[in-house]
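In the two assemblies presented below, chain A is common to both, partnered first by chain B and then by chain C.
And now, the complex of A and B:
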């Protein structure tokens, strides 16, 4: 038994499948166990659409609030936003932008990474 | 020997993740490694008994592969919310050896294993 650093990367679009919502739910499950794992969220590819400030986040709000209580970091890859024509003023203020090259650090620091 | 965790999220017949799960688990177990798995989302459809598919021998059914790795020692827990959400009534039609639990079990698996593979 040990606390693990977990990188949850959201690669799929937030709507159309349950993966991103279930990723949020599984994130809460990971921090709630005896080991109290540390979760980092990384939105990349089509997963970055969730970073839009007008995105519908109602379904995941409870999970997000729980993860925020333990200072879970939520990143979105800036190049992937740019490729999709999304400008900085369209991003929700609680999402931290990260360059693709800097995501390497997140992968290096993680014990396990899980795609959603 | 290592402890290997596997997360299976896809059901049978739609993708072949169950085949990858079965083959990997067999390989790990034959090498003496420990296998601990969590079936999440549609992954909970894999261990249902009485699967049938035209032209597929029983030994090649998804559930048969799961059954073989359980018999070899794989420990499998299925997400209870996913199970009941799909009308599987607490996994009453699951093969023997597959337990129903929850995300805290998956958290415990991640805390215990040396490697984690997501399918």
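And now, the complex of A and C:
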């Protein structure tokens, strides 16, 4: 199997369940295999709460650092942040904002997508 | 693309699916409680999930009930986006 482009979409609130952590972990699995797949991360809905710069990221730190080494993009939907009262200066600097209208393109570009 | 949608992710799913002119949406599990009005594309719902919740007779004409064999056909024939 050749290298594939994978979209991991984080749709759930980041804490209280293991979904988002499992997503980060599986992201590392995808980039680290023989095929070295490319992973793109999209936070939307309640998933965007992870973008808060004060959010505790200790649990996923190792995974995130590994993904950063291969320049994995991490997007959060700006409308969803706004809807939740999160302003620009509250967002962690390593998160890229994306408009809701641009998310369909991410799904179209990806060979596979996984929901976390 | 084919969207498999459960209730907790309904809003996120509808937003993406409604931008996709080729969208086919399958409501699964509690997804059958979602309002069909919120989806603009072709809409299916799992027959078993409707039946167990007593919704089969209350179904909007917009929604086509399907069984697992049809779901498999849809999954095989389309690129799948999972929101379930």
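The working rule: the second predicted complex is superposed on the first by the 116 of 116 C-alpha atoms of A that agree within 3 Å, B and C clash if a C-alpha of one lies under 4 Å from a C-alpha of the other, contacts with A are read in each partner's own complex, and residues count from 1 in each chain.
The rule is short, and it goes like this: a residue touches a chain if its C-beta (ideal position, glycine included) is under 8 Å from a C-beta of that chain, and two chains touch if they have at least 3 such contacts.
It should be emphasised that the depicted structure is a prediction, and the values quoted were computed from it without experimental measurement.
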Partner chain in contact with A:44 - chain B first, chain C second, else both or neither: second
First, second, both or neither for A:97, with chain B first and chain C second: neither
Which superposed partner A:29 touches (first chain B, second chain C, both, neither): first
Partner chain in contact with A:86 - chain B first, chain C second, else both or neither: neither
Which partner reaches more residues of chain A (counting touched residues only), chain B or chain C: B
First, second, both or neither for A:114, with chain B first and chain C second: both
Chain B versus chain C as contact partner of A:3, first or second or both or neither: first
First, second, both or neither for A:55, with chain B first and chain C second: neither
Chain A positions touched by chain B in one structure and by chain C in the second: 114-115
Of chain C, residues touching chain A in the complex: 1, 8-9, 11-12, 15-16, 19-20, 81-84
Chain B-touching residues of chain A, taken from the complex the two chains share: 1-4, 6, 18-19, 22, 25-26, 28-35, 37, 112, 114-115
Chain B residues within the chain A interface of the complex: 5, 7, 9, 40-41, 102-104, 106-108, 110-112, 115-116, 118
Chain C-touching residues of chain A, taken from the complex the two chains share: 9, 11-12, 44-45, 100-101, 103-104, 107-108, 113-115
